[in-house]
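All chains are identified by letter, namely A, B, C and D, in their written order; residue positions are counted from 1 within each chain.
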């Protein structure tokens, strides 16, 4: 991975004639049709230069289709639940029918304050964002749905992405060695974790939170310290 | 070149923050957004921008309102608002040290523009380009002073703030300029010309600061 | 309680079960406050107080004005506590929320109405000239304990602040520049310190009426998470002379008198420690400044 | 959802009368006008609005004043296009603080110690002698309420520019306090310094006027700053300051008081009365007077003509790219909704009355050097013209 830092206004190594797929941090301006970087991040080019995006950390989550998210139910209107994905942003919609086997009679029983793990199914900035709690290809739950008990906490978005998309992330590997846990990682920065014991849950949460501020080789120390602090 | 000291990601409850010190002027800036706007702020096709300026000493007055408007004009040009329709971006600027008397606003304005650039970057708010600001005074002896002190301002004949946008490390367009006092047309061109190098220098400094920030953000990768 | 922030039931229940097993999520003991980090600025009366992640800055300033007509012998002292969205977007800039109002009132009562600053010493010419001292509080980051941190910041600021020396000759008031005459300190009569407690009732709301089975939990110096989930709050403001200046308990869980006494005793220990800390820091800074001056004078003489 | 119908088919072409279009899509309306060499207000690109000025007869000193008891010291009424600005100047007498700076013995002692440092005498502060004025702007909008952001910003800009302009010196606001006394014959007499050499009355206190300027704007139709400034200059030029005196009988009274165990004396405030007859014109630094002009730089989008409406342009990106060669025009004296809304590039410049030295300059939105040069030239000649109108 190359470490080219790009700032807004910098030139991108793409030619405007060839087709290119742009990702986060890159914008195609509406009038002049230029491809420009719109934030500061590390340049990510695919080998063939067909895709380009910037890797950058932020705290404000902006929904994109197919994102996996953890949200809090804040209310329900008719057949739609309102769900908060991050503080101060508009709530998103979760249809009561966007659950496996849901019918008019068989409504999912969600209460205000419940946590759900869901997938973003529509994310047009002009209209309400929609999420759903099932795998659209199979109609099964696919791991989505209500998250019971456990603890939820927040990390930086870049760290959440790396936890979610690296199945063998060093932090999770270290935690597995200490205890068994269930985890749901949302790219909106919210992470839900549940173990059999309260202290384990807390230790895991603190460890994950702590690891985003240290180098990879220190993960082990952070995890050990978090367990030690709780007398584990 | 002015001695800028700055750091980012200091505050925990906002999406982006930066603190900046140029001489005795010290500013801290926070950015929250895009968030849900109040209904009166909502714009159908672009983001709305609310700027709050708070003085270090004393109550908020029309002086701060005027500064808010100037900053809003500058930041609105830079933020790619079309990406966040019906959303609000909240920029709060707290002056911790003014570095100039209440009769002037040049050092504060310069510091606030530079500080808000870093905070917007930290928050990941989409910007069309980078930008930077520098201030100048011209004394009664017609000598141009770059990045004046509060004392320089007091004895100056005119004061100037210049904001340029920066593309590919080079100054591209004049975003904003504000001059007050008594000065000639030639002096305006002199200031505008001199500011090009200054802003490019400031931008290079910002690149270093942002490099540090990105390294810190991704520390767990190394 | 805070607008815009949604707390999940999971988080609430987890916190409650942790408290039941004698555990705070931030790793502190129930009676363990955060130690304030106090930094003094270059200018007199510029103080930054950090309480965990909470950051509060106080700026003290003074100017000469006319006193109130009905109080010709007294100077003026004002505290501004406007919380900007910088601390958190829960603090709306255009409208003061109830939480913000409670914080403002508590700080006002603690430092102004408790008579911490000797107003009569601010009088220059009775009825026509006096000092007006203002404390501007800037809330930069929020993680609970705004009242406690504000109080420490203002009191440290008042102790640290020096106002210009003045000479009264007849009807004229001559203000001496700092370069010309050593500025003078304010007359601070006592140092009120606020300590906040949060109460939790981990049982059902219905078991609110207490008897022997009182399972209520109280903790010192709640952080933002604990503040958001608390069932009741108590702020005790007292000084090192064991004088209680203010007790503020706005709604929430009812509490019995013994708990109140217990909290006050705990608060005293904390206040005494913080007071010593403030004094030490201000003194150290004063010493450092004086050394600087002496060094400067000596350098002048050598030439 | 989109499978049901093709949205393209249901699009119908709509047409609007110009007055409606200007509100729905000011950009298109403006571009259409500019493309035929006209502005929406039918002025030429470099044509100013006429300005008419008079003193409105509101001041107590104006020739056709109908209200002798008015507390207004100076006034002006400005008409420009459909906009009307009423500016009134009021005054107040306040006691001046004598603080610092005053000579004293300590200073001498310290001077001796730090003689070297003081040798490089501090250069004079530019703003030290400049007086301020307290503006209050009110733009009539058919309802009452707290001041809008625009009103506050205008007030602040006038305040700042006035302070930095040096049009009014603090010395011009000093009150020459007279003394009212009763002579042997029982006749009242008011003595002023300068009128009588023997006159030697003087409390050590000093008084001066503070002036406030109140602006009322009717039917706003564009940026206001320049109009307000011109009306202020005109009102100040008509302003007269009344003489003021102290009644001999009321002067210097000490009142002992006791309060809460404290003893002391409270000095009675002097009763200052304004002379109903005598006044002096406010002395202004005429060569510092300046006038402002605003300009908008509007980019002409040629392709707009061919690819209307906008949305189509978005759909067929090709069409937009064909002809986007942009040319910009400089519009003088922004007026009307379309111009104000579309003016993202604005030049505001104040030039002194001789058309030489610049007093303030604000550029926003990517101004090119050529437009700036032209704008400054035009502003200079405009300033000379306005000076003629004000005089």
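Keep this in mind: contacts are C-beta pairs under 8 Å (C-beta built on N, C-alpha and C of every residue); 3 or more make two chains touch, one makes a residue touch a chain.
This is a predicted model, so every value here is computed, not measured.
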Chain of greatest Cα-centre distance to chain D: A
Centre-most chain, if every chain is reduced to its averaged C-alpha atoms: B
Inter-chain centre distance, chain B versus chain C - centres from mean C-alpha coordinates, in Å: 31
Distance between the centres, which are taken as Cα means, of chain D and chain A, whole angstrom: 53
Mean-CA-position distance for chain D and chain B (Å): 26
Two or more partner chains touched - positions in chain B: 32, 35, 165
Per-residue multi-chain contacts in chain A, two or more chains: 30, 88
Contacting residues of chain B [partner chain D, same complex]: 62-63, 65-66, 69, 73-74, 77, 103, 105, 140, 154-157, 165, 173-185, 188-189
Sites on chain D touched by chain B in the complex: 122-127, 149, 152-153, 155-157, 159-161, 163-164, 166, 288, 344, 352, 356-367, 369, 372, 376
Chain A contact footprint on chain B (complex, rising order): 15-16, 32-36, 78, 80, 82-87, 121, 123-130, 165-169, 172, 206-207, 210-211, 213-214, 217-222
Interface residues, chain B side, partner chain C - complex: 10-14, 17, 24, 28, 30, 32, 35, 50, 52, 54-60, 90, 92, 94, 96-97
Complex contacts: residues of chain A adjacent to chain B: 5, 7-11, 27, 29-30, 36, 38-42, 55-60, 62, 88-90, 125-126, 156, 158-159, 162, 211-216, 219
